[in-house]
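Below, subunit A partners subunit B and then partners subunit C, in two separate complexes.
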Partner chain A sequence: MTRLAFLWDQSRCISCGACIAACNAANYGSSTAPNVSWNWLRTNIRRIELSNGPRPMLYLLQCQHCENPPCVAVCPTGASYRDRDGLVKINYDLCIGCRYCMVACPYDARWFNESMWAPVKCMGEECQARIAKGEQPVCVVVCPAGARDFGDLDDPSSSISRRLAESRYVKLLDNMGTRPKYFVVVGP
Partner chain B sequence: MRRRLALASAAALLIAGAVLAWMGYAGRSAEEIPWGLLVPGYVFFALMATGSSIVNSIYTVFGYRGPNGEYEKIIKLGVWFSLITIVPAWIMILLDLRSPLSAINIFIHTQGGLSLFFQYRSGITWMATLYALFALTLLVELVYFIRSEASERLRSMKSAELAIALAVLVVTVVLHSNLGQVFGNVAAVPAWYGPHMALYFIASAIAIGAAGQALFISAFAGGLGVREFAAGYYSRILMIGLPVLAFIKGWMAISAWYNPASWEAYSLILSSPNFYIFEIGLLLLVPFLLATFAYYKRSLATALLAAALVVVAGFVDKYDLIIEPQTAHISYSLGGWAGVGSIHYAPAPSQMEIAIGSVLAYAALLALGVLLLPLKPGERPRTLYIFK
Partner chain C sequence: MRNGDAMYILPNPSHPQPGMCARPAAAVQMWGHPLRLRKPLKRVGQRGEGKFQEVDWDTALNEAAAKLKEVADRYGPQAIAFTRHDHLSWHLPLIASLMGTPNVIGHEGTCHDASTAARQAVLGAGGPPAVDPDYANLNYLILVGRNLDAAMGSVRALARAREAGAKIVVVDPRAPNIAFSSVEWIPIVPGTDAAFLLSMINVIIGEGLYDAAFLKGYTNAPMLIKPDGSPLTQSDLGQQGSAYLVFDAAANGVKPLGSAADPALDYEGDVETPSGSVHVKTAFRLLAERAAKYPPDKAVQITGVPADTITRIAREFATRRGVVEDGWYAAKNGNEFDVYRSILILNALVGNIDKRGGLCFQEPAKFPNSCTPGADRIDTILGASLPPLKAKRVDLLKYPLAVSSFDALLDAVLTGQPYPIKALIIVGTAPFHRDVNTGKLKEALRRLDLVITIDIFPQDHVDWSDYVFPDLMFLERSEVSSAPWTLDAAVVYSNKVLDPPPGVDARHALWTLLELVRRAWPDKAALIGYTDKYADYSQFEQYEDLMFGKILDYLSKAWNISREELEAALKTRGFYLLKKKSYGAKPYKSKLSTPTGLVEIYSLTALKYGLDPLPDWTPPPAYSQPKAPNEFYLVTGKDQNVSGHFVFTYDSKYLTDRCVWMNPADAERLGVGDGDIVTLEGIDNGFTAKACVKVTNRVRPGVLFTYAFAGGHASALVDGGYDFLRSGVNPQWFAKGYVAPVIGTAGTNSAVRVRL
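Up next is the complex of A and B:
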């Protein structure tokens, strides 16, 4: 079985925003139109600054491709679904734009695309096409610090499996039972 | 001549409402939160329709006829009110989708051939199913009452009448409790999460439904000689319903106080003047006092004032309960990641156009029913089985 997952190494990330810009360019044609839901760019990666701790901290947030995704459970048409590789996707032929998935996602990982009148999220179409060709998502490719990775958790020889075996990591809101597959590496 | 003028006015209002709603739909824009104005608007009318239906069941299921059989004179108007009040809810929610017709995807998929679909885990799937059943059973009930005026045989079929009424009641209760749990099942929004939403929606529906129906029935109360009955009946429901609503609402706030994630939303609600002016004062306290006065003095005017306050403040209540937890959503559901900042939400003009258009169309449909259907005592169906 294949279980595709993301890794973001917080300890390596230099906060350059290349992943965010690359996602915007590849999946949204470098659109400068607003993303009203996030008050942000049209990109599937959200930058969150934690400013109330002892020192500023950054999180890059995106779809966690949960193994038990609430967005899929609440979707009335089956438009939100998990594919056989474990990625959570949206079938826009079925999506009715009810936004229940947006409300149900505890990560707020979906934003509302006004031009489609539907929610969007990671992965965008370009990244899906890249993965179908055996390539990595653009955010992983452009990261100059090697802070991002993507691959199959069930393949012990995959880069992501090896990095996780050597690292300390957390999964966000794991206590909600969503079984997220976005691993935040916090150190070796 | 007067009837024709009234019909023309209602038709014009219906067209104006439809045009306004369509203008809003054509010019709509994205909002900061997933569920903006149209969702509380939809919930409000869905609750008024279902609550009104529960109020009807006091006659249809539980057999209360009033001291001198007054209820019989207004029951058809009550059923019509319940049936048609669901329409603005549908307009608002359908015009909030990608396209109104896309809702068919809930049940029918056309990709790779025609197939039926039912996602039983989604509360919205159940809402769509229950709305169809609600409208169908209410329509059957209304037609039964209308046809009973012309058929002695139908009038004597008391067990059929009860069976229809029971079906309406069961569907109604399941419907608005499920509507509550569309919100209550969302673990990502802590202020909503839990079974309290179903209970709150039922209590709220009864209060709003009784209030809305009182305002509608009052237009005919004088002519039908039921002023005293209406004053006593509706004010009594408010006298019972509002304390129940206050009880549930109070525990919701107290419960939220013990849960920091929930409190994030409730602190927004409680720090707003809306809460004290509308949700406490004009929804609970003042209408309760007015309803008590109206009940003992049999004052229809006072009962209507209480009802009007419950309707207006009831909308504000739903608006706050649905909007504020979404604005507080991200900052707390992600633990301590409060750096996201709070979201300020104000309804977009296009959403207001859709909402106002829906309400205009609703008022027109209410009037058209009274003009075209034999809903009052003595009026009999003569045309196409159900029209006057």
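Up next is the complex of A and C:
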């Protein structure tokens, strides 16, 4: 089996914005059209700052590539599906733009792309093409802080598996039964 | 990377300074930006109105060149001045020398001026790249008022140290981006860094945690100082020679510095001289006495940092042999010269200079200068020599230890002293967002005979320019330089990958400048082989190749390497590694360029210019202390999501907030909510402007923070979907305009009153 997953190291991330901007550049052609759903740029990564706690905290949110994805369960046409590589994808030939998936996602990880009249999310077309060639998604490649990784959980020798084995990490909204595969590392 | 018509930028992981942040990631937006300056512009309204007509390149260049020549003929060529950021900083001395003016005055007075003066004074070193922490190998790092740059590679190098368990301490009134990661953030009262650092020195000396062998062998800490503050020398004793003296515990008497078997560190005593007995103390003891003014239980009252935190950080730093970062963009409170001297002294106290994981000297790349002034001539990279310049830079006449002080240039415009400046050429920089004293800048821009701007975007000063020439952005030109942000010696090269987008008739700024020279003084341009042929812009790449070839010649000779191999590596890989960092050279095997050749705990350079030879803390002179409940410090700074050009991008609309940060406790006390609009009033200059409040724990109570360069853009040329550039405030509006004597560093922080 292959179970592709993302790792984001919250204890290392310096919030430089490289992944956010690079996703826009690579997957959305450096688009300067608005992302109305998120009031944000056209990128698959959101930046959430927790400004009221005891210390500054940051979350970068994106598709969790859940093993039990609600977006797939609610999709009326089968457009949203979980691929054999473990990634949650959208087949745009089947998508009717109804946005049930957007509502169903507890992470609010999808946004509506008016240019395509369809929901979009991680990973974008260019990143899918990159991983098909054996390359890493752009967010991982550009990160200057070593705060990102991507790879196969079922391969114990993969970088992501090794990092997870030696880190403390959390999964977001794990209690919702979504079985997310976006691992938030909080320390060694 | 290209994907059909789409393009995006990835970092080169093998590069000596591999990096990335939002800014280069968004560069394609910058390239095709609708606000890019597209054609040469000629002013038709009043200065400041931003009314222009588009003119062709020939007309604009001929008119501007004629006016430059008129200024030079009437007032002398020194009346022409340039200001720049880093773009073309290698070429501008050559252009200025051709015109006959020394006045290339950079941005440093509001940037790294004070840290560079401190590096000069304590380590005999130059600008920020000359000395840097060994980020990849350090064990404990203290960042004082510094947000680390990701695009330049430091963050990627630091990631390796963090992997190995390095601790990072951030001392800053606001949490820079890096404070989102696992660091210890110490939110200090603005302008009190020196008190915090001197308190650390107090703990380290008091608890004997310093490296005595290093201090004795490689610093001037054992130097004996007379009561008047000057060092004791052989001539004081009526002896031959002028060597500085130390007390040799082994010989139980004074010996010249560097020749004692056991120079005493902590010593005072009387020395007999022909004119009587003199009571001397070692520089180390004077430092200990100075630091004793700031024990942690007193420093807490100044800095707001708990005494036990200061003590703990001092112990951790000394026992883990840490490194304190030596300063970069840091002109904030006017008292930074003392901050950076304290920092360098701390690094020396723990003996962590030029060691693996310490504060290290960069391996010099021996990169040539475009021109090198000599006694009777100026040698140029192109071979030909130019006549020497007669005048001295206006800013250095006023601030002798400055790198640059733009404020002194404004003085010269307004007062004619030390001599008049009549023409200003502004290259790739943003004086209104960069410099303190907005009113003075406007008045100077009104008074100048000629203002020329070369840029890619409508920064505020564009509206005040007589001629505006559109420049290339970095993807549109090739560029070679030494690699600044690595300890290794390396040369880096960026290939031109794009032409300007359709409708943008931008040209290489170097061509624009050389054309101004050629059209005004054809004989001078001809001296460096720049002839009429290059008036045809399509021929200019040949001239660039000529210059590039001269640089390759120079480097291949200096390093004894193959020119072809060097060129091939630069053009294919983007870099050539000349020499890996080897530790333990300075000050161990070779002397520093300080007066004593040693690390100067006690600065003879400062003494020479009438400054205190030891660092001290003074209340920040750059603004009045906030007192009333609605009065705040207004702190400013950058981060990886801010630069003068990046802020124009659409991505920046979201990635760079243009609000004023306020601590939740202050917000609750004043009844201000997140997103509320308040009025800010400069306590020192009365300037008022409205600003949106962001309530966040990223700033210390009593302090407001807003990004420099991001908010309050005012050019009439900003329109369309980019109105967000007008939102927020430009923090320089509120700055008092303070400039520190001798050093020339300005204070960009200020004090403001908040009105609901």
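We take it that the second predicted complex is superposed on the first by the 188 of 188 C-alpha atoms of A that agree within 3 Å, B and C clash if a C-alpha of one lies under 4 Å from a C-alpha of the other, contacts with A are read in each partner's own complex, and residues count from 1 in each chain.
Operating definition for what follows: a contact is a pair of C-beta atoms (placed from the backbone, for glycine too) under 8 Å apart; a residue touches a chain by one contact, two chains touch by 3 or more.
Everything numeric in this text was worked out from a predicted model, so none of it was measured.
Enquirer: Put the two structures on top of each other at subunit A: do subunit B and subunit C fit, or clash?
Expert: In the arrangement built by aligning on subunit A, the partners subunit C and subunit B fit side by side.
Enquirer: Quick check on the superposed pair: does A:107 touch subunit B, subunit C, both, or neither? Answer first, second, both or neither.
Expert: first
Enquirer: Looking at the overlay, what does A:99 touch: subunit B (first), subunit C (second), both, or neither?
Expert: A:99: touches subunit B, not subunit C.
Enquirer: Of the two partner chains, subunit B (first) and subunit C (second), which one does A:73 touch, if any: first, second, both, or neither?
Expert: A:73 sits against subunit B, while subunit C stays out of touch.
Enquirer: With the two complexes superposed on chain A, say which partner A:176 touches: subunit B (first), subunit C (second), both, or neither.
Expert: A:176 contacts subunit B only, not subunit C.
Enquirer: Please indicate which partner A:49 is in contact with in the superposed arrangement: first for subunit B, second for subunit C, both, or neither.
Expert: Both partners.
Enquirer: Could you look at A:13 and tell me whether it touches subunit B, subunit C, both or neither (first, second, both, neither)?
Expert: The second partner, subunit C, only.
Enquirer: Between subunit B and subunit C, report the minimum C-alpha distance in the superposition, expressed in whole angstrom.
Expert: 9 Å.
Enquirer: Does any part of subunit A touch subunit B in one structure and subunit C in the other, and if so which residues?
Expert: Correct list for subunit A: 39, 49, 51-53.
Enquirer: Under the stated contact criterion, what part of subunit A meets subunit C in this complex?
Expert: 10-18, 20-22, 24-26, 29-30, 32, 39-41, 47, 49, 51-58, 126, 129, 138, 141-147, 187-188
Enquirer: In the complex of these two chains, what residues of subunit C are touching subunit A?
Expert: These residues of subunit C touch subunit A: 1, 3, 5-11, 18-26, 28-29, 32, 148, 150-151, 153, 155-156, 159, 162-163, 165, 175, 177-182, 185, 639-641, 650-651, 653-655, 664, 674, 694-698, 721.
Enquirer: Note which residues of subunit A are touching subunit B in the complex, please.
Expert: 36-37, 39, 48-53, 59, 61, 70, 73-79, 91, 93-100, 102-108, 112-114, 116-119, 172-173, 176
Enquirer: Please give the residue numbers of subunit B that touch subunit A in the complex, ascending.
Expert: Touch residues, subunit B against subunit A: 28-35, 96-98, 102-103, 105-106, 109, 111, 117, 119, 121-125, 128, 182, 185-189, 326, 329-330, 333-340, 343.
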